[in-house]
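Everything below concerns the one structure shown next.
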Amino acid sequence: MSKRELHPTMSHPSETICSMCRLFYVNKWVLGTGGGIGIKQDHFAYISPSGIEKELMEPEQIIKYDIQTDTYESGAGGLKPSACTPLFLELFKALGASCVIHTHSINAVLCSAIYENEFNITDVEQIKAMPKGDGTNLRNVDTLRIPIIDNAPEEQDLMPALEKMTKEYPNACAVLVKRHGLFVWGPTPKKAKIYIESIDYLLEVALKLRQLGI
Amino acid sequence: MSKRELHPTMSHPSETICSMCRLFYVNKWVLGTGGGIGIKQDHFAYISPSGIEKELMEPEQIIKYDIQTDTYESGAGGLKPSACTPLFLELFKALGASCVIHTHSINAVLCSAIYENEFNITDVEQIKAMPKGDGTNLRNVDTLRIPIIDNAPEEQDLMPALEKMTKEYPNACAVLVKRHGLFVWGPTPKKAKIYIESIDYLLEVALKLRQLGI
Amino acid sequence: MSKRELHPTMSHPSETICSMCRLFYVNKWVLGTGGGIGIKQDHFAYISPSGIEKELMEPEQIIKYDIQTDTYESGAGGLKPSACTPLFLELFKALGASCVIHTHSINAVLCSAIYENEFNITDVEQIKAMPKGDGTNLRNVDTLRIPIIDNAPEEQDLMPALEKMTKEYPNACAVLVKRHGLFVWGPTPKKAKIYIESIDYLLEVALKLRQLGI
Amino acid sequence: MSKRELHPTMSHPSETICSMCRLFYVNKWVLGTGGGIGIKQDHFAYISPSGIEKELMEPEQIIKYDIQTDTYESGAGGLKPSACTPLFLELFKALGASCVIHTHSINAVLCSAIYENEFNITDVEQIKAMPKGDGTNLRNVDTLRIPIIDNAPEEQDLMPALEKMTKEYPNACAVLVKRHGLFVWGPTPKKAKIYIESIDYLLEVALKLRQLGI
């Protein structure tokens, strides 16, 4: 990978989306067209297209969505925006996020099936990478809480639960969807990448501690 | 990898087979010459050769099989077509597939040993990537069913069970072979790749849910 | 990767730190800005910066710390040295290390949670890669002992426990921090890399033997 | 990797050893200087050096050992041959191998700890990749048997057990060493690579079937 590719957060949003997706494909987070990324810049949202292998996307395939007029330019070849688009827009609006990453990570699917309404974990160093919501980060003795919402047949049907969640957890930077996957967001693509890597790590730690009987 | 390699489904069938195999080798799906791929184009079938390390194959080693005359041109160096060839041809003919992928994935071997005659899973989002058989995809609340057939000493001895399966499951896009591996097919190489990635993910989810006692 | 990148131990300390971090990122040892590396050369310590994705660091971002004057030059963009800096300096001074690697490896987090005050393992061949402390290596029938210290809210609060450890285990080349991660050191970057790879392998062997009931 | 690197078995033995080691490092088979490879060509044995990170080796570091005179040329920088050299030479002589691969694979360490004197497995398709010893391969209903010998403090102390093994299992192509690792050999580097990939896969299948209670 070129230096530009290695620094996804220094590039145009369409390039950032493509290079992050290639990276996340290796983690098996966005297999078989699953998952997606949205990045807000000014009044535009750049959104991965629907039905495309995420590791093969090219910047010209990314959808440019005009938030003010609620219209979009199709990606190369007439591609339509991800079914997650309403969820991305809600998270931009309600929580001030500028980047939302959605994966089908197996760790997320398993934790969403084990925990009831909320995943929580405390006393692991990596928690310090996570935001408290007031501009500072959590301490390693704090508890990271990630709400879990029920899955729905269509992505847009998750909207009511998501809107409820944004009110109950105004400082959340992630939500698990039952037996579906994970949405993580942040004020920049760099922050969102740090958060999702840290959360997936913490989900894996929780699962493995459980399997070891701790 | 060049852009051409990253877009295996845009290339000549022989190149598609080679780049997919390199990708699947990393997943440990086609180790030690195991596994194979067949792609139908017009009345030709392009088929990976027998006895060759799958991650090292070159396009000139791929066998060009003439379906009308039932003859083939050897691959470079006199290579013979995969022992799976009759199975690939049957799936092209009976189910209209244009690409068949065969792996020895460990997830497939384990699930074939645990489940009796059929692997099935429901209520996982990734199921939406799988075809229903009528041109639409399954919903996440539908049940994905993959028939399991017994293994046989030689690949061609799987034919009777495979023919029986194609009648009982006319909408299937995959079959597990007990303690052997997985065959997955689709109308295009792109679709077959999406299906096999999604199925292997779902097999892994099923195994891990089971280990967690869910 | 170029030959220079593949030989991290032949390069300038800043390059060594960057190429090791890229390598360790693939192992999921330094995700989401976690972890860090310090290398001592003459009276300078080269230290990875705080708050930067470890796999994306460039040599000009590495902090050059003057051990004699206790001052440092900021990395490009005004970066500050890792919060681990006092720990790195203590290990350079008290134990004569020239390279310290700190990871958040999940194997380390799990073993630190299972074992009480010390991780130990014997009768595994890879133990022969580990130093005895007298210039020779352990035998495979010797016991590798790695002390475990309690975690603390801030990295510098680990100092008293670390200083106590260096007195109780003067031949140690590693310490586990409870539910936090692993520090490993050696007389050269090459040795530190060999030690951390061997230790993480041995932690994984211990965990897997335990899960198999052995 | 260049095409030459991707075809390790088409190159000079020293290049084959280096490219295989880079490949096996990714599998965590040869971490922290562990493991090694020997290739026989005419009356010379090409052998990986001792104490070198296996993924960083260069062809000029490989030892050229003259089997007729029992002498060798040091590798670049005065490197000495692997401590496994007597074992490699014995397997060349007693069993007619031309390539021996030695890894510290965790699957091998775990299976060597679980099974008593012999690892065996039957009824898995990948067994068909393994040699029967008469020029043909095993059938998938045959049983693959891999003897297990006790570990010893020094590699050369494994010689008596290895010599005994070659008499009791004249058709073996592999031996497990308790809590140490795996030696696999074949008539060519290509065959040895196919065998070791298939064996490690079968060891993993056995471990996972056991964990699933099958």
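Should a chain be cited, it is by its letter among A, B, C and D, assigned in written order, with residues numbered from 1 in that chain.
Keep this in mind: a residue touches a chain if its C-beta (ideal position, glycine included) is under 8 Å from a C-beta of that chain, and two chains touch if they have at least 3 such contacts.
To keep track of the chains, here are their UniProt names: A, B, C, D = Methylthioribulose-1-phosphate dehydratase.
Worth saying up front: this structure is predicted, and the values here are computed from it rather than measured.
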item: Fitted rotation between chain A and its twin chain C in degrees, CA, nearest 5; value: 90
item: Inter-chain centre distance, chain B versus chain D - centres from mean C-alpha coordinates, in Å; value: 31
item: Contacts with two or more other chains, residues of chain C listed in rising order; value: 211
item: Topology of the chain contact graph, where touching chains are joined (line, ring, star, complete, other); value: ring
item: All pairs of touching chains, each written as two labels joined by a dash; value: A-B, A-C, B-D, C-D
item: Of chain D, residues touching chain C in the complex; value: 28, 31-34, 53, 55-56, 104, 106, 109-110, 113-114, 151, 153, 177, 179-181, 207, 210-211
item: For the chain B and chain A complex, residues of the former touching the latter; value: 6-7, 123-126, 129, 139-141, 190, 193-195, 197-198, 201, 204-205, 208-209, 211-212, 214
